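Next come two complexes built around chain A: one with chain B, the other with chain C.
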Partner chain A sequence: MSLNPQTERQQAKKFLYGLCIFLAFMLGFPSLANLWFSFNDVTFHNLTGEGFAGFENYRKALGNPKLWEALGYSLRFGLVATIFEVGIALFMVFTLHPLLLRKPWLTAVLMLPIMVSPALMGIMYRLILNEFTGIIPGYLNLLGFHVTLMSRSMIQYTVIAIEVLQWTPFAFIILLTARQSLPYELEEAAAIDGAMGLKYSLRIVLPLISPAIYIVTFIRFIDSFRVFDHIFVLTGGGPGSRTTSISIYIYKLFFQRSELGESVALSFVLLVVSLTLLYFGLKLVVRKEQS
Partner chain B sequence: MIVKEKGASKNSIEALRWLLFIVIALIINLPIIATILTSFKTTADINSSPPIFFFSPTLSNYIEVLFKGNTNLLKYILNSTIIAGGGSILAIFLSFPAAFAMVRHGIGSSWLLPLVTNIRALPLIIYAIPLYLMFQLVGLLDSWLGMILVTATISIPVALVLFVGFIQDIPIEMDEAGRLDGASQRVILWKLIFPMSRPIVIAVFLLSFITSWNEFLFGLILTTKNATPVTIGATFFVTTYGVKWGATAAAMTLSVLPPVILGLFAYPYIGKSMLSGAVKG
Partner chain C sequence: MNKIKALINSLVAGLFATLTLLSISASANITVLAWPGGPAEEALRKVVDHYNKTSDSKAELLYFSRDNFFDKMLADVAAGSKDFDVMLTATYSLGKYAPFMTPINDMVNEEVLSTFSQGAIDTQTYQGTVYGLPTDLSLHFLYYREDLINELLSNSSWQATYAKISAEYLGKEMKPKAAEDWNWDDFIASALFFTRSINPDSPVPYGTVLQMKNLLFNIMIWQGTAASYGGDWRDADGNITIDSDAYRRGLKIYKDLFDAEATPADSLSYEYAEANAAFGSGKVAFYTQWSAAYADFIKPGEYPAIEGNFTITNQPAGDMGPKTHFHSLGLGINANSDKQDEARAFLSFLGTNEAMSMFLKEGGQPPVTDPIMNAHAGDRLDMLMMAEHTAKYGKVMNGGTEGGAFAIYANMAENFTAYWAGDMDVDTAIVNVTKFLEAEFAK
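On to the complex of A and B.
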């Protein structure tokens, strides 16, 4: 005999307790602590605060011109990287799909970069870009090019290129999954109508995988916007603050300049802004997908 | 391809595709290939200009980073293994029951699921500072447990989304069979649904393990020496060893290998997890 649905629901409710308590401890509590700290005059020596500081921390945080510089850098970095990643990934899907359909294991070879920690990837690029022993400058010199990709003027392009080279495979695997889930009959029907090759790809496949394109653009932009690891390892945000992303900016504010109040206030602003943008961003993506 | 291409041109298109594949694969994997090659070179071979491809491989770099001097590479690798493994298991056991309750009973699916999936998109630096202060207060700084809690948090969104998607595809009749025998929801969850979900549990474990292994920001902030993961430990090589690129490359290779090997099994789930996540979340 079965239990009644009421009892079962009660039993099932308990399955959420673990996750809820865990998230409350790891995310809920820190958020509240953040909010509280941001309105107090806290220092490393006095974590309970000297007293209520009102909006002083916020005023300081938002009034710092370096913040807007870092925010601008993150937006540009995210935008440029995303455009290249999605563009190249689309090109790869259209050209390599027939090959990968027959030899699926080849896909794994293209996935290797995203399995590597971005920080370690940064160090490996440092190795191969090294002026004296790196293989890239080595061969560029042979060919007659004398560029130092780690130099002050080139580094900002280099860090974007590294992001693109590492994460294009991520965009690629999502778009490829979407492409491979299109029904087989579609191709036959299109062939009968005389739509083949490029025309087929652009007029029929592209619109059908557009939901996946929106999703991948969204994810890649968010991930690139919050970039930290490989830039931190390669430049530490420099030279000057030329490659300081918003994540690196907050990190430095707190751990190097000990601006406790300013950095927690900024973290909280970033949290609220991110959640708002995510809410509307997701709505947009989901609506596009349904239409 | 179904669309028939004519003899010769079909072959040349096929050759072009192979060529393109090889070029792209070489370019994007260049740092990995070069690092592995460098790790087997002697210092003289590394410094030779132009760079050489054929050389007699040596294991001296590996012996140096693993057994000589006061490098703690083995300790870092052990730390990463415990942190990534512990965090992944914790994420699975927190997410799976919750996913079951969401799919079968609709509890929390309207608010908790979107909330958790949003975590994945937040800039993690937001939580770095409050967690640092909190961990300092409760003595979790530079500990395995502290890092396990953090990596579990980072892994939960993808775990939950994949579990929800998988359980949705298990026919409800499976539960009915258990209910007719008078089984409680707990029994149905752990004795019936969980064993059936083994493929997705393994996939989630692999993906979480890779993500946790590769985590950098929290390792940088929350550890100093005892619980230092390999992503942070490996960066020490660049500064302490200075120009010793061979040793650095050997350390890199050892640090990068575990997630790369696991990734060969887990990559098909990446596409699926992202697409299903956005549709259902």
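On to the complex of A and C.
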């Protein structure tokens, strides 16, 4: 039985009410509170605000050169990590898809890294990478490689590698689902037309799963852009501010410098920018999918 | 109908009785938010167990994780949390937390002063008001391998190499000295001598291990270098004095040792735990570390590579002699708490000779008076040295207990680690920190 479009829309709305109420409480209220904080002169000693500050907090936040440093680092980190995560995930989808069709339980094993909280991941790597107690430097030494993965020349690559190791499985599971949703008949038809192996993957599978690639790229970029936990545990944002992401910057502004108004204003600006990007990004994906 | 009425009445009465009992038991219990981990936690648990057995009021311990402990506590007290009645205090952040705490000047009576010295009470005092009782004193020692330093003092071949290395790196031929007589040049020369990449015959890979992570607590360790050359945050008139020879010399010590690879290449991510792991592995000759590490190192079987083979002494000297940062952690009363009397009762107990003697015997490091220390410290060399070192070498920076002290340490950590890593020159780092201090003290 099919419903007419008007009834379908009404039913969809009913389902959306629950989500909207949940979001209003969980995100809407804190966002409104933060908006109010950002226009007030708030301190830890007076969280209700000592007076209306107008756009002063926004002016201070955007005028701080440290912000642009942190923003630059987050953008670079987000871009590089996303490219690696999606690239490796795609490679894994193409190479492991036949195996995972026969042994689906292997997918669960591959998902293990995303089960670990990022902060715990940071603590684990503090132990694993330590020159004196860590197993990775130990094995590398045995093999004749004397590399210190947390040294000043390697630290930037190491924190990105940890992000990639943890979150590639997330990109992989989304892309794998998209790949597995393609009908088998398609493969048969392609084979009859002579498209097999790499040709089939690149010319047929890749375009068909491209909406999933766009979405996962988008999600991973936003997530990597706001990286905090493992970098904070491993380096504290240092040395200097070499690994200070925008989230670490805001955290330090809030807790260490007690600049509550400035940090909240900055968070709000980032929220608006992220939502705008997300809106247009998703619109683009939907348009591509429809066309 | 009467039966139903009786049933309702008995249910209501039962409900009231239960609520009354619950409220009594709730008011009799207080929650103590204390510093987690290490010997201090183990010792405090035993003291609290004893309190609960001997007192009408009961105390329950609450521990956050050590990471960002103070940020979490600040968020809680600023939001008016009553989840804990007794809370942690620290010398360097008293100014920040004072508005959220209950003054306890009236509790500092004769008994308390027979337990803690006035100097120790002063470390929990901000602008003349006492906010806590000091339960743990922290300062820094030089930890060193006795076998290695003794060999250096007696082996002529080692001494010749030592002289050669010191001439090459420090521009003067030096002779090894006993560790307690070291100045910072001796520290540097010895670190280079015991570094295998510089001296292939060194029995250990690294001379020292420096804690250089962008972390404010690491600056507390480092600032013993600057303080020993007379460095301070401000002079008596309140002028910022970071731009000084003392600070430059102190910063250069870490920079030179790091560049010479006398400390592990990943020292820029090291803090307390990593440095202990390095020294405890037996691959490092000496290092400066918090006093708390001693209690861990002497536990049988924990660090076999150095067991019975290391000792502690004062930090190396600068022109002003050896200096060490020191502070105390303590316990005070959350001003938001509804159980002020019970919290005061608990603190009164902590201020007794009995409670602190027990805390000391169980592994804590309380800054107690000499009679208690002599009676209970036993073979705890760290405890016996702490009071003496605090008095002789202890240094609290001018402004080090103000509300902005935490932010100042964090700013130093960011700028100085950037210099050590080669991301910033020393002049820029010093100018940045000076500007920050000016802004913080102007608030």
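Operating definition for what follows: the second predicted complex is superposed on the first by the 265 of 291 C-alpha atoms of A that agree within 3 Å, B and C clash if a C-alpha of one lies under 4 Å from a C-alpha of the other, contacts with A are read in each partner's own complex, and residues count from 1 in each chain.
The definition used in the following text is that contacts are C-beta pairs under 8 Å (C-beta built on N, C-alpha and C of every residue); 3 or more make two chains touch, one makes a residue touch a chain.
As the structure is a computational prediction, the values presented were derived from the model and not from experiment.
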Chain B versus chain C as contact partner of A:Leu27, first or second or both or neither: first
Comparison of chain B and chain C by chain A residues contacted: B
Touching partner for A:Phe15 - first (chain B), second (chain C), both, neither: first
First, second, both or neither for A:Ile192, with chain B first and chain C second: neither
Partner chain(s) touched by A:Leu143 [first = chain B, second = chain C, both, neither]: neither
Which superposed partner A:Phe255 touches (first chain B, second chain C, both, neither): both
Partner chain(s) touched by A:Leu270 [first = chain B, second = chain C, both, neither]: first
Set intersection of chain A contacts, chain C complex versus chain B complex: 47, 126, 130, 132-133, 233, 255
Chain A partner contacts - residues on chain B that touch it in the complex: 1-3, 14, 17-18, 20-21, 24-25, 27-32, 34-35, 38, 46-47, 49-51, 93-95, 97-98, 100-102, 104-105, 107-108, 112, 114, 116, 118-119, 121-131, 133-134, 137, 149-150, 152-153, 156, 160, 179-180, 182, 184-186, 189, 210, 213-217, 220-221, 231-232, 234-235, 238, 245, 248-249, 252, 255-256, 259-260, 262-264, 267, 270-272, 274-275, 278-279, 281
In the complex, chain A residues that touch chain B: 1-3, 8-9, 11-13, 15-16, 18-20, 22-23, 25-27, 29-31, 33-34, 37, 47, 92, 95-96, 98-99, 101, 106-121, 123-128, 130, 132-133, 135-136, 138-139, 141-142, 165-166, 168-170, 173-174, 176-178, 184, 187-188, 191, 196-197, 200, 212, 215-216, 218-219, 222, 225-226, 228-229, 232-233, 246-247, 250-251, 254-255, 263-264, 267-268, 270-271, 274-275, 278, 282, 285-286, 289
Interfacial residue positions of chain A with respect to chain C in the complex: 44-45, 47, 126, 129-133, 148-152, 155, 233-242, 252, 255-258
Touch list for chain C against partner chain A, complex: 67-68, 71, 74-75, 78-79, 96, 99, 212-216, 264-266, 268-269, 273-274, 277-278, 281, 283, 406-407, 410-411, 413-415, 417-424
